[in-house]
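We call the chains A, B, C and D, going by the order they appear; numbering starts again at 1 in every chain.
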Amino acid sequence: MAGSEYGRSFRISTWGESHGKGVGVVVDGCPAGLKLDENDIQLMLDRRKPGTSKFTTPRKEADQVEILSGVFDGMTTGTPISLAVMNTSQRSQDYSQIASYYRPGHADYTFDEKFGFRDYRGGGRSSGRETIGRVAAGAIAKKILANLGISVVAYARQIGPVKIDDSRFDLDEAFNNELMMPDALAAEQARAYAEETMAKKDSIGGIIECRINGLMPGIGEPVFDKLDAELAKSIVSIGAVKGFEIGKGFEVASMTGSENNDSFIMSDGKVAKASNNSGGTLGGMSDGAEIVFRAAVKPTPSIASVQKTVNKQGEEIEVSIHGRHDPMIVPRAVVVVESMAAITLADLILVNMTSRMDRIEEFYKKCTK
Amino acid sequence: MAGSEYGRSFRISTWGESHGKGVGVVVDGCPAGLKLDENDIQLMLDRRKPGTSKFTTPRKEADQVEILSGVFDGMTTGTPISLAVMNTSQRSQDYSQIASYYRPGHADYTFDEKFGFRDYRGGGRSSGRETIGRVAAGAIAKKILANLGISVVAYARQIGPVKIDDSRFDLDEAFNNELMMPDALAAEQARAYAEETMAKKDSIGGIIECRINGLMPGIGEPVFDKLDAELAKSIVSIGAVKGFEIGKGFEVASMTGSENNDSFIMSDGKVAKASNNSGGTLGGMSDGAEIVFRAAVKPTPSIASVQKTVNKQGEEIEVSIHGRHDPMIVPRAVVVVESMAAITLADLILVNMTSRMDRIEEFYKKCTK
Amino acid sequence: MAGSEYGRSFRISTWGESHGKGVGVVVDGCPAGLKLDENDIQLMLDRRKPGTSKFTTPRKEADQVEILSGVFDGMTTGTPISLAVMNTSQRSQDYSQIASYYRPGHADYTFDEKFGFRDYRGGGRSSGRETIGRVAAGAIAKKILANLGISVVAYARQIGPVKIDDSRFDLDEAFNNELMMPDALAAEQARAYAEETMAKKDSIGGIIECRINGLMPGIGEPVFDKLDAELAKSIVSIGAVKGFEIGKGFEVASMTGSENNDSFIMSDGKVAKASNNSGGTLGGMSDGAEIVFRAAVKPTPSIASVQKTVNKQGEEIEVSIHGRHDPMIVPRAVVVVESMAAITLADLILVNMTSRMDRIEEFYKKCTK
Amino acid sequence: MAGSEYGRSFRISTWGESHGKGVGVVVDGCPAGLKLDENDIQLMLDRRKPGTSKFTTPRKEADQVEILSGVFDGMTTGTPISLAVMNTSQRSQDYSQIASYYRPGHADYTFDEKFGFRDYRGGGRSSGRETIGRVAAGAIAKKILANLGISVVAYARQIGPVKIDDSRFDLDEAFNNELMMPDALAAEQARAYAEETMAKKDSIGGIIECRINGLMPGIGEPVFDKLDAELAKSIVSIGAVKGFEIGKGFEVASMTGSENNDSFIMSDGKVAKASNNSGGTLGGMSDGAEIVFRAAVKPTPSIASVQKTVNKQGEEIEVSIHGRHDPMIVPRAVVVVESMAAITLADLILVNMTSRMDRIEEFYKKCTK
């Protein structure tokens, strides 16, 4: 069954393999009248582009996006927006040998089991290039949100064992260093740790944090389609993510109710909260405070050091994975997290428009005037 | 828009409020020919029933389930299974006062914002009673899984600050103590901690862990409907859950690839893994190893100690929440986690039946013989 | 897979069998703040109730609806509305013999083939009682539409070979005669035809026509979810319907473009059409004119005259179907057509709220004030 | 909200405008291991290609399809199949004037109302070129069906007032004449009628009939997702279709039960039917007989003769539509009907795999061996 689609009202359908002809996405349900050109999308794609630092794969891809439909005179028309990025730097020969065995930590084995065989070139559909469709769609979602006054920003909270220090938190700094850390000193330490680990032919994990501001209260649907539940799905669906938490997250386990509950207060004549342990959701709906969530990212499974595995003949063998791989995924995954968060929010905001009969009546009346 | 439905092939639609006439679920897409009677469902419901220990709410509910459709001669018919549990112990007067203010940590404020008003009796739709529908449907999903040789079991890994010690892990013990901890000593310590905290009119959080065995490889859909992504959504959609992790989860952030990758090995002539850091999924599909995931559960927001909040008139007030509340949610939420995991798996197993053309051809040929 | 659900934003999930405990529906996605009580629903259900004339089954059912959730203080809360009608007049013994053979024109054989066995009591899930859930949900949809100034009305255009004469069209008359025909003379003739046919132990078909007024232009989604396509699905999904047409329908085959095209004109300063051959849709979206569609309804398959069929042992046998059956379905199906049309419209109107970015921005801005 | 997607298990998402960069489709949920190359798709696309006879638009388009993803080594991989056809013969200047007014019978007005403006070049998304994505996906669906022994074939039953005579029915003939009529004499008459009508600068409608053979009983889901209901939706979603009927269709209105019911008989030791008035479905599920349905197709709305309409300034004007248009849609729409039928069937066949627990158990057991 179909598994490459996400969203209900703002709905995306991604396609493409690492070494096929290209990758892309169809966005169905984008409202008409949004200003959009290729540059809006290119700016986001450039943030995940490989080859920009020594911490990313040396594979060079222009990753030039083309809008194939859904935009006319610089505006979205309300019809599906088809976005494509052609692959230009496939070197399939790099991967010919991996056809015969299962790389540890990769999806080779599970693809073979599910589908009977796999496109083994560069990981095929399970390659990181699959995220291009997410980011391209995310660029559109971010524009929608920006028009509503909502911002989504992510950064690296932790690289390997190195964590940022909140007292030094500086969001601008995240866009100054290649590790996307909002703390210059932590970035410095992370860089040293990364170089050391790379020298050992090993790879590095981390934690990405995302903050969303400007969201009205009430976004997210009670029960299954809670805002936090949808975020959990969309974020954990990103290749290397092994955990998701919102607000205090796993810390709540050892907190008491009196510590964890956020008191409501009045602020500027509006209901607000004295603290934000909940991370901006209550009962699965936005509570008006900043949304804060984190994603745990595993170390890149492709490493050049020797590993044990088995081949398709059922023999135990030793392999070391060469080719062009990222020693860490976190810096390039930051924009993917932002994108998935933006897509999730744009979708739930549209979904929320039908929550109240009085608002619907007013809306309908205005349309029929 | 609809938010009380989950699943694509095995699909559930829950309904009901804490102090309305009842709660229930419609299960659409359950295969025909599954043996099912009310007792199968009652046994699961009894595990979440209130009033069974001093660590749960003293509210007494029989929580007697009735099958209203979809079962004939003791077998599911393939048509929707409607399950209902009537409420018998509503005491709405308990809640009359809370209509006027927003309880900290609860969904009162967000419901009001989203819908314009709320059914304030006992939390209405955001009450823990909402999970009855989940557990009733989960009982059916667990029967399907059992027929396929798949087991799903959850337990408390942590209560407040007290964690189980893996060296003392004893699953049977989890069903012996009221805290659902598979470690008698930890349960003892957790009990002491809980009593102490309750004496302070405060509440307790924890971590639930779930293990799934017997699952064939290849379950879960690449990209958005990954097995772990779907689990993340279904688990985080449970009221008090603030985090989800699979396998090593947040620990992967500080691990290297060589530490985290699970080597493939041959075991009894089959492909297996030497370790299970991945928690049983690779590329979002089951890898044949045990699925292991955890959920962080926040302390019950209803506490009797004094808290600050605001009322609907926009005045800051002090409140202490009385009524019949659980001092901790974890022990009763264990069966909810199991249920959501079972529902997610049953759904993805059905979805997976269409992954390969050769299997479809063989299936179709057999049906037409 | 699930097949008892319909709609995307206003979403219904029906359940129940003819001779099980009851039938019902869960409506998920109904906006909050709609005034609703059981009487609103009962009035619609009473229009499909059996036993009201000699042209309907003598089975007497009170068909008393109960609202189990989703309504508080006389208003919908935005959470799922669970509606149930308990069966009171099951006489399963009537049906014991039909367990062994396949009734011509019924779903006995196809249910057995699909599910391996069937609930043979009164047709089980394929009974006309399945439509109770549709009508109950339809009553809610009609209330939503009424609040927006939209009316939906259906009636019998043809009973057996007797057609109404448009020159005598009188909508009030449709509610005066038990055949639901808006033409007293045609009703008279149809009554005579029906009595004659019933005397031959045979049954009668017909055509139902439905008219929708007050719909703003632009409702319906281009391409697959066109207004007419969604109506086609929802109407053909009603048990006995074998055809659907909108506007001129099958007549267009022999018309030319110059005959069939509706000219646009100005009327009261608004764009209108000089004719309405299109039946109120252009490109799958409402065009501001009256929506007019028709459904072909087959004669009741249960007849008392002798028919040939086979039994489960593969023997050819002769049967005559006794029990309590409607000699014609049309009069009772009129309210079912109205209901499905109303559900389809309510859903597409909600869906349409997200079509334009400027309207979304205005809506959002107002919510955040 | 998204409206350009169809199907649940075999799911398609189309995109593209008449005069944009191209048109295409993403097929998500196609099983892995189906042999597929571009030629399979091209053969179907060539059947809808313009410029092949005087009865189609003189616009020349190569309509060359490219597979961008989801196929490896000549086999589908189970991941999304992205298919694109670039536009090569746009002449947007033809359409510059129509930006200012609403063409009768077209979607210009409704697009403007829904989205606030429209891509007016050649009808944009509502152009017949939108069906390229349907046909490309239909080619894949037809291959799946062919592998299961199922055939889908459509043809023109009626062109203008000229109907085929069933006594002369010859399916091969449908592929011999440019009108796709399985009756040489009728084709001759239709040709004469068409030329005459074209000389009057007018256009022609018709009826397409489709037959499906080899389908096992039990396909289609009871209640809303009935086989006939899904066909109704997918067929009526085709641009010019104004009606759908299955089996005897609208004729059933004046038939009696004894005439319309199909008797079950034994044939070659299998259950069969003595007649096929039902058109191959009972209770919304395939009954093992041939599926036969018809679609009413309206005359092309673009005609060169003078018509009245209004412009965007609200003035009544006269227009005659020039440019490159089909005088009749039927011959080219035949393959679109076939495609939508094939997509609908492929989807419901996959959906049906989960209907019985015993089959699921057997399937799962085999997979885990």
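Note that in this section a contact is a pair of C-beta atoms (placed from the backbone, for glycine too) under 8 Å apart; a residue touches a chain by one contact, two chains touch by 3 or more.
Since we're looking at a predicted model, the values are computed, not measured.
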Quiz item: Among B-D, C-D or A-D, which chain pair copies the contacts of B-C, with over half of them the same by residue number?
Solution: A-D
Practice problem: Count the C-beta pairs in contact for A-C and for A-B, then report the pair with the higher count. | Solution: A-B
Quiz item: What is the distance in Å between the mean C-alpha positions of chain A and chain C?
Solution: 44
Quiz item: How big is the gap, in whole Å, between where the Cα atoms of chain A centre and where those of chain D centre?
Solution: 37
Quiz item: At what distance in angstrom does the C-alpha mean of chain B lie from that of chain A?
Solution: 26
Quiz prompt | Overlap residues in chain D, where contacts from two or more other chains coincide | solution = 1-5, 8-10, 14, 29, 32-33, 78-79, 114-116, 125, 216, 218, 222, 350-351, 354-356, 358
Quiz prompt | chain B - residues contacting chain D, complex | solution = 8-9, 29, 31-34, 76, 78-79, 144, 147-149, 216, 218, 222-223, 349-351, 353-361, 363-364, 366-368
Quiz item: Mind pulling up the chain A residues that touch chain D in the complex?
Solution: 1-5, 7-11, 13-17, 20-24, 26, 28-29, 32-33, 66-70, 72-73, 75, 77-82, 84, 114-119, 121, 124-125, 350
Practice problem: Sort out for me which residues of chain B touch chain A in the complex. | Solution: 1-6, 8-9, 14, 102, 104-107, 109-111, 113-116, 125-126, 130, 158, 160-161, 197, 200, 202-207, 216-219, 221-226, 228-237, 239, 242-266, 269, 271, 274, 278-279, 281-288, 296-303, 305, 307-310, 314-316, 351-352, 354-356, 358
